[in-house]
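All remarks here apply to the structure that follows.
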Amino acid sequence: MSTATLAGLTGAILAGVGLYGLIIHPDPLRRILAFNVLGSGVFLLFGIIARRGAAIGALADPVPQAMVITGIVVAFAATALAVALLIRLGAQTDPVVTQADKQDLARRADD
Amino acid sequence: MIVQTLDIGLAALVLTLAGYTVLARATFPAVVSYVAYGLLLSLIWVRLFSVDVALTEAAIGGGLTGVLLIGAAGKRRGTAVAATELDPTQPLRWAIMALCALAALALATVVVSLPDPAPTLAPQAMENIATTGLGNPVTAVLIAYRAFDTMLEKCVLVIAVVGVWSLACDRCWGGAPDVPRAVARGGTLTFFAQVLPPLGILIGIRIFWIGADEPGGAFQGGAILAAMWVIIMMAGLTDVPAISKRWLRIALAAGPIVFLGVGILGFAAAGGFLAYPHGFAKPVIIFVEIFMTLSIAATLPMLVGGAPIRAPRP
Amino acid sequence: MTDFLLSAAVFILFTVAIGLFRILYGPHDADRAMAAQLFGSGGIATLLLVANATRVPGVEDVAMGLALLAAFASVAFVNSIATGESEGAGEK
Amino acid sequence: MSFAPNLFSIVAIGAGLIFFLAGTCGLLRFPDTLSRLHALTKADNLGLGLVVIGLLPLADNVLAALKLVVVWVLVQLSGATVGQLIAQSTRRNGRTE
């Protein structure tokens, strides 16, 4: 089996594993991680298409490579935005913010 | 034979780490596993002879994503509520697993049955590369053939920063974000953050500069420069700038604006949006890339920093 | 020579894979961070050996990039623990 | 390629492999975090260092060789820093088991 095919199969399994994690985890941070695994699997599929398209003067087709580079940077931006949303959400719903909040929560729990 | 052993070992290791990233019980081990996973991925990219991608993965996947995610895991330590009632039941888990396996199988089938000989744009890319004056076909695709994509991607980065900043609480607007910072100054980390950046900046600029002819380019160089800024901030040697700072906003927007400006000038100079004047393409490309590198070096740390959490100083 | 370099790469990959145990089972987060660090240097060594054996041009730059960023995850880890502790102390 | 540089490379890289193996064994077998850290830094410094030394004669040109050395120096710097930081953080937690 060639390196490219093996890497492609790895990419396919990674996409499946990432998808699984994305569905089963209730925790958003774990979903972000799983989403990144899924994404890197898809990038690898692009990678084997690039490698298979090697031609004279190019060890791999540059067009899929350029797409993956763009993809990695955009995936990072999306991850950062998702993490920022997550942290803001945590700050919003954190039960221990101030003493007043604590008392408020306790009162609600009593009701 | 040995090459195959290497490839299979690499694939097995990557799959184990990915599996653990997804299946680990606690969050932090999953994040560490993901960081190691990103590192091994760049090895696979080298095996695929995609050195440009390997560089990007090394700089972004290994370094900055690690800081971002570990920082996030740290900030959420203790606040994460055990949401066991939201966990899917066991039969449902099996069903999900079966469906995901099916999806993977479908992709694997595609991989095995790809057409042979493979369709490729490499000959066209190599044929026209002389007109751009570049030697690295990947850079040619990014900045010349598909320049429109790259320009939009720069815009996406700026929009992502705007999105992250807009999550600030009302009081913090205009204030400074934070990275996982050392509590005390002085000591090992300070030394590290004083020694590493001079070397790192040199390497970052080199990788940007050789990108015209060899693997490298604005993304990879910019990402390394960004990482150097992040380490200085993590050591507490400089403060994270307040988001209302004008120089910061200019640095963030410079890349897309210059790119757009050059694109519009293309109408006058070469008769089309983002067309480069004939025989003068390379200097224009380098000019655009310089601003792109600067913008990336400013954008990525701001993405790592997240929303401002401190109110602006009066 | 090529075979030797590739075998060496496989060997390092193998030892790094054993180190996976510490990422998986800890017991402490510090052990996990350490194992990730070993992954870093082992990965760089493998990269250099493979690149030399298969003649991939420009890989030294990838290795330099990885080496530059090798400490980042661990630094973020140590800092975020320390921040958590000092905040915890403040609350008490 | 002559025989002598090849032999040199084989010996140096082989020695590097031993350090990687030793480092990993230590990481696995040593009883507490600090001794595991000690084992790890050996693999980092000497293992990679010897592999780099072994690869030097095989480098295409001086620049490539220089870059290999820079890689090693950077990993040394990272390894030393991380070793210190993790040790400090472990001690702060009062956890040495």
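Should a chain be cited, it is by its letter among A, B, C and D, assigned in written order, with residues numbered from 1 in that chain.
As a working rule, a contact is a pair of C-beta atoms (placed from the backbone, for glycine too) under 8 Å apart; a residue touches a chain by one contact, two chains touch by 3 or more.
Worth saying up front: this structure is predicted, and the values here are computed from it rather than measured.
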item	value
Pair exhibiting more inter-chain C-beta contacts, A-B or B-D	A-B
Far-end chain from subunit D, centres as C-alpha averages	A
Interchain centroid distance [CA atoms averaged], subunit C/subunit D, Å	11
Gap in Å, rounded to a whole number, between the CA centres of subunit D and subunit B	27
Distance from subunit C to subunit A - Cα centre to Cα centre, in angstrom	20
Interface hub residues of subunit D, defined as touching at least two other chains	70, 74, 77-78, 81, 85, 88
Shared interface positions of subunit A, touching two or more other chains	59
Residues of subunit B engaged with two or more neighbouring chains	3, 47, 49, 64, 73, 75, 189, 192, 196, 199, 203
Subunit A-facing residues of subunit B, complex	3-4, 7-8, 11, 14-15, 18-19, 21-23, 27, 30-31, 34, 37-38, 41, 44-45, 47-50, 52-53, 56-57, 60-61, 64-65, 68-69, 72-73, 75-76, 79-80, 83, 86-88, 93, 96-97, 100-101, 103-105, 107-108, 110-112, 114, 118-123, 125-126, 137-138, 140-142, 145-146, 149-150, 153, 156-157, 160, 163-164, 167, 169, 217, 219, 223, 296, 300, 303-304, 306-307
Subunit D-touching residues of subunit C, taken from the complex the two chains share	1, 4-5, 8, 11-12, 15-16, 18-19, 21-22, 28, 30-31, 33-35, 37-38, 40-42, 44-45, 48-49, 52, 60-61, 63-64, 67-68, 70-71, 74-75, 78, 81-82, 85
Complex contacts: residues of subunit D adjacent to subunit B	70, 74, 77-78, 80-81, 84-85, 88
Contact set on subunit A toward subunit B in their complex	1, 3-21, 23-27, 29-30, 32-34, 36-37, 40, 43-45, 47-63, 65-70, 72-74, 76-81, 83-88, 90-91, 94
Interfacial residue positions of subunit B with respect to subunit C in the complex	2-3, 5-6, 9-10, 12-13, 16-17, 20, 24, 28-29, 32-33, 35-36, 39-40, 42-43, 46-47, 49, 51, 54-55, 58-59, 62-64, 66-67, 70-71, 73-75, 77-78, 180-183, 189, 192, 196, 199-200, 203, 206-207, 210, 214-216, 220, 224, 227, 230-231, 234
